[in-house]
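Going by the order they are written in, the chains are A, B, C and D; count residues from 1 in each one.
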Amino acid sequence: MSEPTSSPTQGEPAAGRGSGPHVVPLAVLVAVFAALIALTYLTVAATHYDLGDWNLAIAMGIASVKALLVALYFMHLRYDHPLFALIFAAGLVFVFLFISLTLLDTLEYQSDTDPWADTLTRSGEPQTPMPLRSGSRTLNTNPKRKRGELSAG
Amino acid sequence: MTDAKALPPEEADAGHHRFLAHHFDSPEQQFYTGKLGMWLFLTTEILFFGGLFCAYAVYRANHPDIFVDGHHFLSTALGATNTAVLIFSSLTMAWSVRSAQLSRTRGLIACLVTTLVCAFVFLGIKYVEYAEKMEHGLIPNRIYFERLEPRLAFEPDEAYLREKLSHYADPSAAGEDLDLRVRKVRIFFGIYFCMTGLHALHVIAGIGVILWILVRSLKGHFSSAYFGPVDYVGLYWHLVDLIWIYLFPLLYLIH
Amino acid sequence: MEKEIAGSMSTSATDNYLTHSRGLKSWLFTLDHKRIGVMYLVSIMTALAVGGFLAMLIRVELAAPGPTIMGNNSLLGSDPAAGKDIYNQIFTLHGAVMIFLFIIPGVPAALGNFVLPVMLGAKDVAFPRLNLVSYYLWVIGAAFFLLVLVSGGLDTGWTLYAPYSTSTDTRVLSAGLGVFILGFSSIFTGLNFIATVHTLRPPGMTWFKMPLFVWALYATAVIQVLATPVLGITVLLLAAELLFKVGIFDPALGGDPVLFQHFFWFYSHPAVYIMILPAMGIISETISVFSRKHIFGYKFIALSSVAIALLGFLVWGHHMFISGQSPLASMIFSALTFSVSIPSAIKVFNWLATMYKGSIQLDTPMCYALSFILLFGIGGLTGLFLGALSVDVILHDTYFVVAHFHYTMMGGTLVAFLAGLHYWWPKITGRMFNNRLGQIAALMVFLSFNLTFFPQFLLGTRGMPRRYFDYSDLSKLDSSFTLLNLHSSVGAFLLGGAMVLTLSYLVHSLFRGRPAPANPWGGNSLEWHCSSPPPHDNFASPPAVGDPYDFTGLEYDPDLGGYVPRRRSVPAPETQPVP
Amino acid sequence: MTAPGAIAPTLSTASGWLLGQAGESFWLPPPDSTLAGAVDPVFYFILWVSVFFFGLITLLMVLFLVRFRRRAGIGPTPSPSHNTPLEVTWSVIPLILVILIFYFGFTGYMDMRVPPREAYEIHVVAQRWQWMFKYPNGHVDENLHVPVDQAVRLIMQSKDVIHSLFIPDFRVKMDVVPGRYTKTWFQAKEPGQHLLLCTEYCGTGHSDMSATVFVHAAGKFEKWLADAGKFMEDLPPAERGELLYRRHGCQGCHSADGTAKTGPSFQGIFGQTHAFTNAPPTQVDENYIRESILEPSAKVRQGYSDKMNSYKGSLNDEEIADLIEFIKSLK
C-alpha cells in the first residue's frame, strides 16, 4: 500500500499511521501462538502448587500476558493507530472501576449479610438472629392500642 | 486516488468502485472508519462481559469456598484443550487477515475454513461438558412454561452433589455441613453457565460472521485493496478468544 | 437503493431530501440520516404522547387522597387492590416509556441524527445501515413495551429492582428484552456518532471548530458506548434470574439485592447524562445565536461536556445511600457526586456570560433556552440536597426526588428538546411555525411546569414517599398534602394543554407555514449554509468551515425573512429586526 | 419571559406559605428526634446557597434581557468571548461550597449511622405490607413503641422484597433488605405519636404499609411493655386469633370481609371445598389451615399464585389454634 494522500480530516489519518495497513510477518504470528500455548501450559501447571493467594494472582497475571499478546499482535494494536488502543483501554478502565468500586462496597457490608441462612429464606421465619438485651420469652401478647393514654403521657 | 499505485490497477479499481460507500472519499477513510467502529463495538463487548466478571468477582471475594467446591465438577483437561483450540483458531484467523492483505485468496479460504473447524471443535467439547452437567441438573436442562413465559429448569441433583462433595474437605474454615455446601455450590453453576453460555453464544455468532466472509472470499471479494471485513471479523474473533483466556483460569483453575 | 438515488439526482434545484424520492418504501428503507432522524422524531414524539397520557392518569389519581379514578370503577380496577395494581403499572410504564423510548433517544437519535452530519459538513453518518438498524431496534423495543402493556403489564417501577422484579407476576421478561434491545439501539447510535465525528469531518473542521452541540453529542456517545452494555448484562442477569433462578440477586438462593442496584445504577446514572448532555448542547447553540454573540468560554463548555461524561461514571452509588451500601462507599460516591456539579455550574455561567452585551431576541427557541437555564438551575441546585449524605437520608425516595429529576429530565431535557425542535424545525420541514404562538406555548410550559413540580419539592421534604397510590395517612395529619397534590395535578393539565397547543401549531405549519429561508435565525454552523430543507447529500462539495459562533458575516434580509452573508466586506453595525 | 421566570416559583412557594405551614417547619417536618441536628442545619445551609445562586442567575438573566434586548439599529457590542480568570473564579467558588456541603453532610451521616453504645434494641421485620416490631421480652407489635430520651436501635430484616423504614419526624430512613440485617437508630425528644412509612416500592399495598410510632414518657414504656405481655392471656381464642391476624400481617393479603386480595378471603372459608393447582380438591379444615400456614406452597388455591411466606417458627401451635378459631368465627 502506498502513503495515504489526501487525508480528509486533519490530524487524524484516514488509514492507520504511516504507510497503509501493516502486514504481520508469519513468524511473529507463529511465535505468539507458541508463547500462548506455553503460557496455557504454565498456568495449568501452576495450579499443582499451593501458593495461597498467589495462585489467583499468578493465574490472572498469566492470563493478562496472554491477553496482551493477542491484543498487540493478533489484533494489530501494536501497529495500528493509537486511538484504537485508547478505546480498548477505556473499556478496560471502566470495567476496572465498575468491579473495584462494587467490590469495595460489597466486601464492606458483607458482615451484615446472611444469605443461605434458613432464617431468612422463604421457607422459614426470621428467628431473632441476634442476642437480645433481655431474655426472650415466646409469649405473644399485646394490649389494644391505647392512643389516648399515649397522647396524654 | 493515488494510493492505488502499488497495486495491480484492475484490482485497485475493483476495490474502489464496488465497495466504496458514497459518503466516503477514499477506501482508507472507509477502512479506518470501519475499524474504529469495530473497536468501539469490541469495547461495548468488554463492558458487557465486564458485568459478568463483576458478578463473579463479588461472589468469589465473598464466598471463595463455593468456587473451590464448584471447580471440582469441571474438567481441567477439557478446558485446557478448548483453550488451545481457541488459541489455534486465533492464529488461523490472524493468518487469514494476513492472507487477505497479501491478496492470497486460497490461503485466506484455507485459514477461514480451519478457523471454522476450530470453532466447531470448541463447541463440540463445550457440548460434552454441558451434557454431563445437564444429566445431573447442574445447568438448566429443560424448558417449561409458567404463566405463558418460558422458564428453564435448574434443579441440581443433590444426591450427586453430596456424593461428590463428600470426597473433598470443606474449603471454608467454618466446618459447614454437607447440606449447606450442596445448597451453596449451586450458585457456582449459575455463574458458570451464564459466563460460558454467553461466551458460547459469541462463538456461534462468530461462526456466522466467519461463514459470511468465507462466502465473500469464495466470490473473490477480498484483496490487498479491500479486506476490511476480514479484519473486522478477525478482531471480533480475537476478542472471543481473549475473553476465554480469562474464563479458563477463573472457572477451571481454582486452588 | 443506490440506483434509485442516482436516477433522481438530475431533478431541479429545489430537490431536497424530502422530495428526493417518493413512496413509503423510500422512507422505510432509507439510509439517509435526515430521513431516519425524521422517522425517529415522529416515533419518539408518539412515545412522549403515550408517556404524557400516563402521567395525566397518575396526576388525576393523586389529585385527592384515596382512590379517585382507579379502584372504584369497572375500567381502572373495580376494587382498591386492583386500583393499586393498575396505578403501579401506570407509573412503571410512564417511567419506562419516558426514559427508554423518549428521553434517551430524544435529542441524540432524533435531532442529533438529523443535524450532526450536516453540522460537521459530512454527507451522512459513518454507518448509514447501522443507523437504520438502530431505528428499527427502537421500533422492536417499543413493540415489546406495547406487548407488556397488553399482556399483563409491568409493576416493578422502571428501576426493575430485584428481588421485587423476580417475584412479581407481571411481564418482567418481555420488558427486560425490550430494554435490552433499546439498549443496543442506543449503543449503535453512539457508536455511529463517535465514528462520524472522528472520520467524516471535512478539511478545516478541527476539533475546536466543531459546534458545541456536536461536542455534547460526542460526549453523550462516549457514555452510550461505555455504559449501555452494562444495562444489557444487567437485564440479561435479571432474565437468567427469572428463567432459571441463578441466584445472583435473589437472597433466598444466596444472592445479593444490593448488587443488582450497583449493576443497575452503573448504567442508569451515566444514562442521566445521556439525557442531559445533548440538551445542554442545544442550549449552547440557541443562546449564542439569539444573542448574536460568540459563545463565551467555548473550550470550557466543550471540555466540561467530556468531564461530565467521564465523572458521571463514578457517582452511581449516590442512588444507594440508604439501600444498605456501606458508609465507606457512600462517602466516596458523595464526594465524587459533588465533583460533577462543577462542570454543570461552568456551563450555566458561560451561557449567562454569552448573553452579556449581546442583542437578544426572544424567538421561541430562545424562550425555551432561557426557561431551560432556570429549570435546570433548580434541578441542579436541588441535586446538592440529594448529594449531601445526611440530607439525602430524609429526601431519598420521596417526592423531592421526583421533583428533582423532573426538573432536570423534563425541565431540562424536554424543554431543551423543544428549543431544538423549534430551532431546527424550519431546517427539517422547510416551513416556519407561528412564532407568537410558540412564545405563548413556551411561557405556558414554563409556568405550568413549575406549578406541577415545585409543590412536589415541598411534598418531599414534608415526607411523602414516591410511588404512593394513596396518601391518606399523610393528609389526615396535615391537610397541606392534599392541597399541594392538587396544585400539582392542575399544573400537569395546563402543561398537557401547552403541549397540545405546541403540537397543533407545528402541524399547522407543515401545511400553511411560510416557506423557511435557509437561515431564519442567523446561525453560522454548517446546517444553516445549506438550503431548508437540506438537499439529499447535504453538501455537493466539502463546505468552507469557519467559526460556528462568529455572526459578523451575516445580515438580516427582510425580503427573505432570514439571514444572508453580508454583502460588503466592511464590518458595519448589524441591522436587526425588531421583534 | 423574564417575569414568569421569577414569579412562577415564587407563586408556588407563596401558595405553600398560605397553607398555614409558615414558620420553622415550612420545609421540614417538626424535628422530633436528636438526629434532626444532623440534617436540618445542612438542609438549610444548602437551601440558602441554592436560593442565592438561583437568585443570582435569575437576576443576571433578567438584567441582560432588559439591557441587551434587540433594538433596531443597535447590534451586539463586541466583548471578549473567553476569560480564563473569570472561568476559574466561577469554578473555584462553587467547588469550595460543595466541599463544605459534602463535609457537613458526611459528618451528619456518620452520626446517623453510628448508634451510641447503650441503645435499646428493637427488631423489625418487614413483609408485604406490614411492619412487625419485636421487643426483648418476645412481645411482637404492629406499631413501634419507644421510650423518650433513650437511644433506640432498630435491627431490621425483610421476609420478601426490599422495604424502607421512614419516620419523617425523626429524620430516619433505612432500607430493609432481604438476606441481611440493616440497622438504624434514633432518640425521640418528646412523648407523642408519629407516622412510620415504607419508602421503597414493594407492590400493591406499598402506600398502606404504615405504622404508628408511640413515644412513651419517662417510666411509662416499661409499664406498657409489661402489660403488653399479659394482655392476651385474658382474651377468648377467636379474639386472640384476630389480634394475631392483624399483627402478623395476614390482613395484607387475606381479607375478613370477602374481598379477594393477593390471597383468598377468610370470610366463610371454613368448611368450604376448594380446587388447587397442585393438589386434589380439599375441604378447608383445621389440618388444611395449619398446613397452609406452615407450608403455604403445598396447596396453591386455583386462581391465586404461590406467594405466601411460611410462618414456621414465628407462630407456635397455640397461636395457630387461635387463628383457626378466628377463621371459624368469620361466617
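As a convention for this text, contacts are C-beta pairs under 8 Å (C-beta built on N, C-alpha and C of every residue); 3 or more make two chains touch, one makes a residue touch a chain.
These figures come from a predicted structure and were not determined experimentally.
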item	value
Chain-contact steps, minimal, separating chain D from chain A	1
Chain hops separating chain C from chain A, counting only touching neighbours	1
Top chain pair, ranked by number of contacting C-beta pairs	C-D
Centre-to-centre distance between chain D and chain C (centres being mean Cα positions), rounded to whole Å	32
Averaged-CA centre spacing for the pair chain B and chain A, given as whole angstrom	17
Cα-centroid distance, chain B relative to chain D, in whole angstrom	46
Geometric centre distance via CA averages, chain C-chain B, whole Å	36
Of all residues in chain A, the ones touching two or more other chains	8, 14, 83, 90-91, 94, 98, 102, 106, 109, 112-113, 115-116, 120, 122
Numbers and ranges of chain D residues touching at least 2 other chains	160, 178-180, 182
Multi-partner residues of chain C (each touching 2 or more other chains)	169, 198-200, 226, 230, 251-256, 258-259, 262, 324, 327
Listing of all chain pairs that touch each other, if any do	A-B, A-C, A-D, B-C, C-D
Residues on chain C engaged by chain D in the complex (per definition of touch)	79, 81, 84-85, 88, 155, 157, 161, 163-164, 167-169, 251-252, 255-258, 291-300, 321-324, 327, 330-331, 334-335, 338-339, 341-342, 345-346, 348-350, 352-353, 355-362, 367, 370-371, 373-374, 377-378, 381-382, 384-385, 387-394, 396-398, 439, 442-443, 446-447, 450-451, 454-455, 458, 461-463, 465-471, 473-474, 477-480, 483-484, 487, 549, 551, 573-579
Of chain D, residues touching chain C in the complex	1-2, 4-5, 8-9, 11-13, 15-16, 19-21, 27-29, 38-39, 42-43, 46-47, 49-50, 53-54, 57-58, 60-61, 64-65, 68-79, 81-83, 86-87, 90-91, 94-95, 98-99, 101-102, 104-113, 160-162, 164, 166, 168-169, 171-175, 177-180, 182, 195, 197-208, 210, 259-262, 305, 307
Chain C-facing residues of chain A, complex	8-12, 14, 83, 90-91, 94, 97-98, 101-102, 104-106, 108-109, 112-113, 115-116, 120-122
Residues on chain A engaged by chain D in the complex (per definition of touch)	109, 112-115, 119-120, 122-130, 132-145, 147, 150-151, 153
Touching residues on chain D, where the partner in the complex is chain A	120-121, 123, 125, 134, 136-141, 143, 155, 157, 159-160, 178-183, 191-193, 212, 214-217, 220, 224, 227-233, 243-244, 247, 309-314, 316, 319
